[in-house]
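So, here's a batch of structures to check.
The following pair of complexes shares a single chain, subunit A, combined with subunit B in the former and subunit C in the latter.
This part shows the complex of A and B:
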């Protein structure tokens, strides 16, 4: 096989790993709270700035900066839920989406005011690794592994803890669960924190690969929503698989054409999926 | 013209009086800056009116920026490469946007893509247009934007290149067309049909409403107004840019203006445009170079507050108790009002 095509395929899988975390986070929020956080990519952006600031400006060790990033963005998720989502829980869905769209503007604006529109780079690069006949960026590989670990931790949390079980139950039937003694308010709050923490983890993985700027969220935000819907809203495994599918489309499309056009292909694919399988690609 | 739209002389008198008064504005020779702001308000109001035309029937599009872009770039490319005057290019741009809207809308409505899904499909479509404009950088200038060629002074009229006063009249006519479209729709059966569809598609279909056709009609109208606003904005600024004429950012701004003003009232989007542009300009003065960030910050906070406390917008405060069709807040699907 053409080594360059092989490299494109491999990069597609690695890209899919990066898409996977925000997709899982969005899915968790949607499945449990039934609200789309339009500003999800902007939460990731805030996390990226936090790591960049702590590491390059405050001179903290990188892993300490990562360790702060997670709870920080989780806290943001809680605030978002308390201040914006909770007052709108019984409002029409579109009002909820628009309100979180307002938060998108708030976060972009705040980032512009504090950090200006300059592109900030962390300046960390791991040596490329040789796998067979192709070279893979070490940073991308490390991020990929971390994404898989994050997804596994989320899975274990949902599967083996009491709260995780309650979360899955409320996603399945939000009317009966309160009668079973589960307080939905508490579950919503926990899900929002978990969704935030996933955004924080995604931020740690992205900040080593991408320059941070206030509008960085727009470069991967739309596609994560699409992946999330393609996998089936609320369907974790479907979203996870769809992330890799989209990663491959973007990467292989970039190999045959240009990166710009590969996104056009990916978005067209999404629109077609919406026409023919709106319940999600991987939903039975 | 549907006779119900203007049944009496009195119904006609007020709009004509307002238009006549507004048409006189340039005669007072206001400062250039004020004229600039007012023209921008009219064109923004037109885009918002177009969006709200379908938005109020729960056809919420997050991709209306695309239609601004299609209108503007069709016009600009025709002028720059083929020398076709914007007088012809603007209608062609509008036609192109309508075709694009129908091509997207038909399968959407046929396959019952509604609610969140419709919003995301339109978001994808808007992004596609933005990326295509950037990807075709050899033709469109990509992210750097595009400047329509300056016409020689003798040909300025034929090239639709006017000073502020001339453009004020063009913008005014375009804005009035938008309101006229709204009014005609409101007084037609289609408006009742759309309200019924928004409540319950199956029920609407069962009583003989042609769901897809009615939705396509309002989509075409909405895209046409958005494209008209986009093309005229490009022509007025003499600068076309993919970020300000396509993509998620501008699409959300259109939505914000329409919502803040009130998307259920004919003057709502215009009030919204007055607020957003007024806000933008005062923030520009207050913050200077920090403007971009501060404007987004204030917009965002207002959008959240509007959604929580005033979901019907400013115009919602002024209206009579709403009719059952559009006024009732439907319970969110699948949610229990907790917390």
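This part shows the complex of A and C:
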């Protein structure tokens, strides 16, 4: 096989791993709380700024900055739930979307005020690694491995713990949960923290690959939502698989044409999926 | 299972919005007793159970369990006190396995340390569930699902089990099996409050019963007395 195509395929898989994290986070929130966090990519942006600031400005070791980023964005998720989502839980869905959409602009505006619109780079790059005939970016590979570990931890949490099992249960039947001794409000809070932590992890993996600026969310936010819908909104496994599919489309499309073209192809593919499988590709 | 406790309701009024379903209902269940609430569709039987397990707040009346006022507690704290409610239509989590359904039933912190022991107890009680432990609950037959729903309720280690129409929507042969399940639970000494439309069947498994009609207790008595009552026979047992 053409080593460049192989490289494009490999990069697609690596890209899919990074898409997967915010997709899992959004699906978790939607499945449990039944609200779409339209500002999800902007939570990631805040995490990216946090890492950038702690590492380049405050002079912290990178891994300490990462270690702070996760709980910080988890806390943001909790605050978002308490201040914006909880008061609107029984409001019409359009109001919930508009409210979290409002938070998106608040976070973009706040980032512009605090950090200006300048592109900030971490300036960290791991050496490329040679896998057989192809070279892959060490940074991307490390990010991919970290994303898989994050997804595996989430899976184990949902599969083996009492709270995780209750989270999977509540996604299907909210009203019966109190009869099981489950306080739905507490589960919403835990899911929001977990969704925030996933955004925090995604921030760590993206900040080493992308420059951070107040509108950086636009470069991965829309495609994240698209992947969620394509995999079936709220369907964790479907979203996970769709993330890799999209990663491959973007990367291989970039190999045959240009990156811009590959996003056009990806969005066209999404529209076709919506015509023929509006319930999502992986929904039974 | 832990020792039973007394459940006592008096003057309970409740409803949904402007619609009042219960008009001053009183009943009691003694430790170790099995009590039935029978009556036609729309009599308020399900509402009554939902009031007891905190899903609906009574607008008047008192609700005590083991001397404690239940009406002031949020619904999710009641399983921890020993009240387990098997809801109408079972409401299993169809996409979780049998064992995962049991796990959700053991969610309460006080129940978690007893998970293995109670799960094995449920499997001894219902060996069929053990065979199907890794099967998705939604793929089982109606009777097996009812076993799983009762098993899930037993996982919290209840002192009283509330059963809402366990025979509803099941084929006649399966209905027999479900009442057999209830009888088996009775033999375990568990306190049971069971709501049913199937009056003939339920009177065979309970000690006493209340007849609920349009939100009021129309009659009460021992199962034997109610089964002999001419009015009850006429309305519910198809007798003469």
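Basically, the second predicted complex is superposed on the first by the 284 of 284 C-alpha atoms of A that agree within 3 Å, B and C clash if a C-alpha of one lies under 4 Å from a C-alpha of the other, contacts with A are read in each partner's own complex, and residues count from 1 in each chain.
Here is the rule we go by: a contact is a pair of C-beta atoms (placed from the backbone, for glycine too) under 8 Å apart; a residue touches a chain by one contact, two chains touch by 3 or more.
Because the structure is a prediction, the values reported are computed rather than measured.
A.B. asks: Who does A:162 touch here: subunit B (first), subunit C (second), both, or neither?
C.D. replies: A:162: touches subunit C, not subunit B.
A.B. asks: Name the contact category of A:90: first (subunit B only), second (subunit C only), both, or neither.
C.D. replies: first
A.B. asks: With the two complexes superposed on chain A, say which partner A:105 touches: subunit B (first), subunit C (second), both, or neither.
C.D. replies: Once the two structures are laid over each other on A, A:105 reaches subunit B alone.
A.B. asks: Classify the contacts of A:59 with the two partner chains as first (subunit B alone), second (subunit C alone), both, or neither.
C.D. replies: A:59: touches no partner chain.
A.B. asks: Have a look at where A:178 lands relative to subunit B and subunit C in the superposition and call it first, second, both or neither.
C.D. replies: It touches subunit B and subunit C both.
A.B. asks: More subunit A residues touched by subunit B or by subunit C?
C.D. replies: More residues of subunit A are touched by B.
A.B. asks: Who does A:34 touch here: subunit B (first), subunit C (second), both, or neither?
C.D. replies: first
A.B. asks: From the superposed pair, tell me which subunit A residues show up as contacts to subunit B and also as contacts to subunit C.
C.D. replies: Residues 175, 178, 184, which sit in both footprints.
A.B. asks: Quick check: in the complex, which residue numbers of subunit B touch subunit A?
C.D. replies: Touch list, subunit B to subunit A: 58, 60, 104, 107-108, 111-113, 115-117, 119-121, 123-125, 127-128, 131-132, 134-135, 247-249, 252, 255-256, 259, 290, 292-304, 306-308, 311, 329-339.
A.B. asks: Under the stated contact criterion, what part of subunit A meets subunit C in this complex?
C.D. replies: 162, 165-166, 168-169, 172-173, 175-184
A.B. asks: Would you tell me which residues of subunit C are touching subunit A in their complex?
C.D. replies: 53-55, 74-80, 84-85, 87, 91, 93-96, 100, 103-108, 111-112, 152, 156
A.B. asks: Touching residues of subunit A toward subunit B in the complex: what are they?
C.D. replies: Within the complex, subunit A touches subunit B at residues 34, 36, 83-84, 86-99, 101-114, 117, 174-175, 178, 184-185, 188, 214-215, 218, 221-222, 225-226, 229, 233, 258, 260-261, 263-264, 267-268, 270-271, 274-276, 278.
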